[in-house]
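Each of the next two complexes has subunit A plus one more chain, namely subunit B in the first and subunit C in the second.
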Partner chain A sequence: MIRERYLNLIILAGLVIVPAYALMVDEPFTITLATKVVILALAGVGLNLALGQGGLVSFGHAAYFGIGGYTMGILASHAQNYTPLMTSPFLIEGTNSMPVIWLVAVVVSALLALLIGALSLRTSGVYFIMVTLAFGQMLYYFAISWPAYGGEDGLSIYVRNQFPGVNTLVPIQFYGLCFAILLIVLFLVDRLNKSPFGLALDGAHQNEERALTVGINVYRLRLVAFVISGAITGLAGALFADLNRFVSPVMFDWHTSGQIMIFIILGGVARLFGPIVGAALYILLEHFLGGLSEYWFIYLGAILLFVVLFAKGGIVGGLSKKEMSHGG
Partner chain B sequence: MSVILLIEQILNGLQFGVMLFLMAAGLTLIFGVMGLINLAHGSLYMVGAFVAAAVAAWSGSFLLALAASLVAAAMFGALIELTVIRRLYARDHLDQVLATFALILIFSEATRWVFGSFPLFLDTPAWLSGTVILPFGIQYSAYRLAIIIVGLVVALGLFLLITRTRVGMRIRAGDSDREMIAALGVDISVLYTLVFALGAALAGLSGALVGAIQSVEVGMGEPVLILAFVVIVIGGIGSIKGALLGAILVGLTDTLGRTLLPVLLSTVMDASAATAVGSALASMLIYILMAGVLLFKPTGLFGTA
Partner chain C sequence: MADSILDVVDVHKSFGALKASDGISLTLKPGEIHALIGPNGAGKSTLIKQIAGGLQPDEGAVKFLGQDITGKTTAQRAQLGLGRTFQISALAMGFTVLENVVLGAIGQSGSVFRFFSPAMKDRALLDRARNALERVGLSDRETTITSELSHGQRRQLEVAVALTLAPKAFLMDEPMAGLGAEGSRELTGFLRTLKSEAPILLVEHDMDAVFALADRISVLVYGKIIATGSVDDIRNNAEVKTAYLGEEDAA
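Now for the complex of A and B:
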C-alpha cells in the first residue's frame, strides 16, 4: 500500500523509462505502443472528468474521439491533395500543421459536446447512458454513409503532420510530443478538479439536491464539464489519427466508447492517473493476449467482469490506501 | 413513387418496428422491474439467431428452430442472471454497463470460436417463402407479414400476461416497489430470474425471426440493441406500451426515411448527390427523432420518472 501521489510518480517514471529504454535497445515498436498508451490515456482523462468527477456516465465518447480524428483527417487530406476545404463564402484551406489541427479538433469536438450534452443532460441516470450511446452511433452511421471522406473505408494520410522544431516521423519525438500534451492536460485537469468548479461538480455528483439547494446551477455546471471532457477526448482523437495516419468510422464505433470506459474502470474511477494505468494495461493485454489467442476478447471480458464485480477502485484504488470520498 | 411501393415500405417499417419491439420489451421490462441496464440483451438476440440456424440446419424444421431459439435464449438468460446479473442489481448503472459490456465481449468471442467468423444462413420455411396478395392487389412477402403477425400476437400476449395474470401482477408490483413485494412474501429472486429469462426469450425469438431475412453473424445484436435503446428513450423506460409505440415509430421512420429522403432530395439536387446526402441523412433520422422527443419530453412519451 502506497500513497496515491507516490504511485502517480512511479507511473510517470514508467512513461519516461519505458520509451527511453526502447530507444536505447532500438525497439521502435515499443515506442509506438507507448505512444498509443499515452494517447488513449488522454482520451480516458477526458472521459474521467465527466464520468469520475461529474458522475456522468457517457457511453458516447467515441463521438469526440472520432470527430477529433476526422478533423485531422479532413484538414490533412485537403492539404495533401492541395484542394481547399471550401471556397465560399470564404476560403478555407487544409493544413498539415499539428498545432492548427489540434486547435480545430478541440473547438469542433467541444461544439459537438455542447450540442450532444445540452440534449443529453436533460436526462439522467440510465436515460443518459442510452442517449449518449445513441448519439455516438448516429455519428458512426453518418461517417459510414457519407461518401466524401472515404465512407466505410476511412481516410489515409500519407505523411504525418508537422510540428515546428520536431521531426514527427521519428517515433520518440512524436512520443515526446504526445507525452507533453498528456502532462499539460493532467496538470490542468488536476487544477480543475481542485478548483471551486471541480468541487461543485463533485458535490453535484454526490448529492444533486443539496447542490441545487445551495444555489448551484447543476445543469450548466455539468454541461461545462461535459464540453471540456469532450474537447480533451477530441484532442486525443486527433493525435490517435496522426499516430496511425489513418481515420475510419471505427473511431466512432460504440466499442471505442466502451474501450475508453474500460481504461477508466481498470485504472480506477475518478483517479487522476487511473486512465493511464488502465490504457497501459489494456495495450499490454491486447499485445500479449492477442499474441496468444485470436479470441483474446474473451479474456478481456473475463478480466473486466472480475474487476467490476470484485475489485472496485481498479488498480490505482487497489494499490493506494487513500480512501475516496465517494465510490465513483 | 407509386402508392403500392409506399405501402410496401410502410409494411417493411412495421415489420422492422415489431422486431424492435420484441427487443425493447424485454429491455424495458428488465429495467422496470430490476432497475438494470442490460447491454448483453443484443447477445441473447444473437444466441437466438445462431441456435435457430444450427437447429434448422440439423433438423430441417423451421418451427423446431424457433422453439429451440426461445428455449436456448431463455436458458442463457437465466444462466447469466444467476451467475452475473443478480450481483449487479444493487450496483450503480456504470457497473451494470461495464459488466454487461464484458458479457458482450465474452459472448461474441465465444460464438466466433464455436461457429467461426463466417455468417450462417437460415432459410425461410417453404410454406412462408412466397408472396401473399393483400387487398388492393398489393403483393407482399408472406414471411415478413408473418413476422408482423407474430410480433403483434406477442405484444398482445405480453399485455395480457402483465395485466391479467398473477405473475404479471407480481411483475407490476416489483416495478413499483421492490422491497414491499419481497416483504409480502414473494420470492423476489425467482421473480427476477423469471423476468430476465422472459426478456431473453423475446430477444432470442426476435433474433431467430430476423435471422431468416438477414445473415446470422457475430455482432448482429449490437445495432439492434442500440436501436432498442432509442425506442426505450422515445417510449419511456419501463413502459411496454411506450416500447410498442416507440418501436413502430422508429421502424417506420427509419424505413421510410431511407426510401423517401433520396427521392425528396432529388427534386432539389441531381440524382447521385441526392442518393448520397439522402442516405447519410436517413441514417441519422431516428436519432433526430429521439432528440426531438428529448426536447419536449425528457422522460419519453410514456415515461414517468
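Now for the complex of A and C:
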C-alpha cells in the first residue's frame, strides 16, 4: 500500500513515459491509444464529479460527450464546406479553431446539463438514473433522425482542427494538447473537491438532511456540480471527435454512458485519478483482448466484478491508503 | 406574543383520516427550555418536521423571530438561525469530526459556492468549527472519522454542528436517546447552560431529564396539546396522568 499521492505521480509518469517511448520507437498507433485514454479519462473525471463526489448516478453522461462531439462536428463541417451555420438574425460561421470549439463545447454542454439537471435532480435514486438515461437516449435518437449532420452515418471531418503553434495532425502534438487539458482539469477538480463547495457536495452526498439543516441549498449545490460535470465531459467529447475526425450518434448512446461509468468504477469512485486508471485499463483490454476475441467484454465483465467485489474504492483504492478526503 | 422566538399557530396536518397535528399552538420564549412530550404516535415527529421544514402544514402557520416561515425550505430556516439535532444522528459519517463542524460553518457563512480555496485551511471556518467542538468537549477528537465515534460522542457532535450556526433557537429531537445515565447527566448540564444563549424546544422521552431541565412542558396526545405548564403543573395534571404518565407506569 502506498500513499494515493505517490500512486497518482506514478500514473502521471506513465502518461508521459508511454507516449515518449512510442515516439522514440516510432509507434504512432500507441500514441493514438494513449490519446484515447487521456480523452476518455477526461470524460470520466467529469462524470466522477457528479457520481463520485456528489453521489449523483448519472446514466446519461453520453449526452454531454455527444453534444461536445457534435459541437466540434457541426462547427468544423461548416468551416470545411465554407457555409455559415446561420445567416439571420446574425451571421454565425463555422470554425476549425480548437480553442473556439472547446469554448463552445463547454458552454453548450453546460447549458444542456443545466436543463437536464434542473429536471432530473428533482428525483433521486433509481428515478434519477432512469431520467438521465432517458435524456441521453432522446438525444441519441434525435441525432440518428436528424439528416442535416449525417443522421445515422455520422459526420466526417477531413482535417483535424487547428491550435495556434501546434501541428495537431502530428500524433504526439495532439496528445500533448489533450494531456495538458487533462492536467489543468485535474488541478481544478482537485481544488474544487477541497473547497467549501466540494466539502458541501460530499457532505450532502453522505447525509442530505444534515446539509439542509445547516442551511445549504442542496438542490442548487448539486445542480452546479452537475453543470460543471457535464461541461468537462462535453469538452472530452469535442476532443474525442477531433481525435477520430468523426462524430456519430454512437457518442450519445447509452453504451457510451455505461462505458464512462465503467472507467470510474474500475479506477475508483470519487478518486481523482480513478478515471485515468479505469480508462487506461479499458483501452488496454479492448486493444489486446479485442484482438483475441470479439467477446472480450466477458473478460471485462469478470474484471469489473472482481474489482467491485474485492477492491473497495476501485483499483486506486485497492492500491493506496485513503487520505483525508478534504485535508491539505 | 412579540417576545417569543418561535410561534406555532394553530397548525393542522392530516395524513388521510389520521390527524397528526390537530390545531397545535405553542411558543418558545427566550431563555427557556420547552419540552414536548407525548406517547409514541402522538405526532411529535410530524410537528418537528413542520417546524424545521420538510413538511407543510395543511393549515396554520409557523413563525420564527416574528417572521412567517411556513413557506420556507429547511435550508432557509436553518439560515435564519434554527439549529436542529436529530433523533438518529444525521452526520456525514465518512467525514472527520472537524469536517462535520466545518460543514456547519460553511452553511452558516454562506460560502457554499466558493470553488477554489481549500475549506480545511480557511481560518474563519476553522475558528467557528473548533469553537463549537470545544464547547461540547470534542476538541481532542478532531481527526477521528465520525463513524468511529461512540454513540454519545455522536450526540455531542450533533449539538456542535448545530452550534456552528449560532442559532437563535434549538430544535432537539431526543438528544438523550441511547445515552447512558452519565452521558445523559452531562448533556443535561450542558443544555442548561445553552438555554441562556438560545431557547430550546426539546422533544424527549427521558422523563428524568425533562423534569430536571424543562421550564415548561407541553403534552401532545393524538395530535393535540392537552396541557402546557410548569413541571409541577404537568406532574399534577390528571388528564396527563391518564393519557401519558399512567401508560408509562403500567408499561
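Quick note on the criterion: the second predicted complex is superposed on the first by the 321 of 328 C-alpha atoms of A that agree within 3 Å, B and C clash if a C-alpha of one lies under 4 Å from a C-alpha of the other, contacts with A are read in each partner's own complex, and residues count from 1 in each chain.
Heads up, the rule we're going with is that a residue touches a chain if its C-beta (ideal position, glycine included) is under 8 Å from a C-beta of that chain, and two chains touch if they have at least 3 such contacts.
All figures in this text were calculated on a predicted structure; none of them were measured in a lab.
Peer 1: With both structures superposed, pick whichever of subunit B and subunit C touches the larger number of subunit A residues.
Peer 2: Answer, by number of touched residues of subunit A: B.
Peer 1: Would you sort A:207 into first (subunit B), second (subunit C), both or neither based on which partner it touches?
Peer 2: It touches subunit C, and subunit B stays clear.
Peer 1: For A:199, select first, second, both or neither according to whether it touches subunit B, subunit C, the two together, or no partner.
Peer 2: After superposition on chain A, A:199 lies in contact with subunit C alone.
Peer 1: May I ask you to decide whether A:218 touches subunit B, subunit C, both, or neither, giving the answer as first, second, both or neither?
Peer 2: second
Peer 1: Answer with first, second, both or neither: which of subunit B and subunit C does A:308 touch in the superposed model?
Peer 2: Only subunit B is touched by A:308; subunit C is not.
Peer 1: Kindly classify A:191 by the partners it touches after superposition: subunit B alone (first), subunit C alone (second), both, or neither?
Peer 2: second
Peer 1: With the two structures laid over each other on chain A, which partner does A:88 touch: subunit B (first), subunit C (second), both, or neither?
Peer 2: It touches nothing on subunit B or subunit C.
Peer 1: Based on the A-chain superposition described above, do subunit B and subunit C contact any of the same residues on subunit A, and if so which?
Peer 2: In the superposed arrangement, which is not itself an observed complex, subunit A uses residues 327-328 for both subunit B and subunit C.
Peer 1: For the complex, which residues does subunit C have touching subunit A?
Peer 2: Listed in rising order, the residues are 52-54, 73-76, 78-79, 84, 86, 90-96, 99-100, 102-104, 106-108, 110-122, 125, 143, 161, 164-165.
Peer 1: Could you pull out which subunit A residues touch subunit B in their complex?
Peer 2: Spelled out, the residues of subunit A in touch with subunit B are 51, 57, 59, 119-120, 122-123, 125-127, 129-131, 133-135, 137-138, 141-142, 144-147, 254, 258, 261-262, 265, 269, 295-298, 300-302, 304-305, 308-309, 312, 327-328.
Peer 1: Applying the document's contact rule, which stretches of subunit A touch subunit C when the two form their complex?
Peer 2: 191-192, 194-200, 202-203, 206-207, 209-218, 221, 224, 324-328
Peer 1: Any idea which subunit B residues touch subunit A in the complex?
Peer 2: Per the stated touch rule, the residues are 31, 37, 84, 87-88, 92-95, 97-99, 101-106, 108-110, 112-113, 222-223, 226, 229-230, 232-233, 237, 276, 279-280, 282-284, 287, 290-291, 294-295, 298-300.
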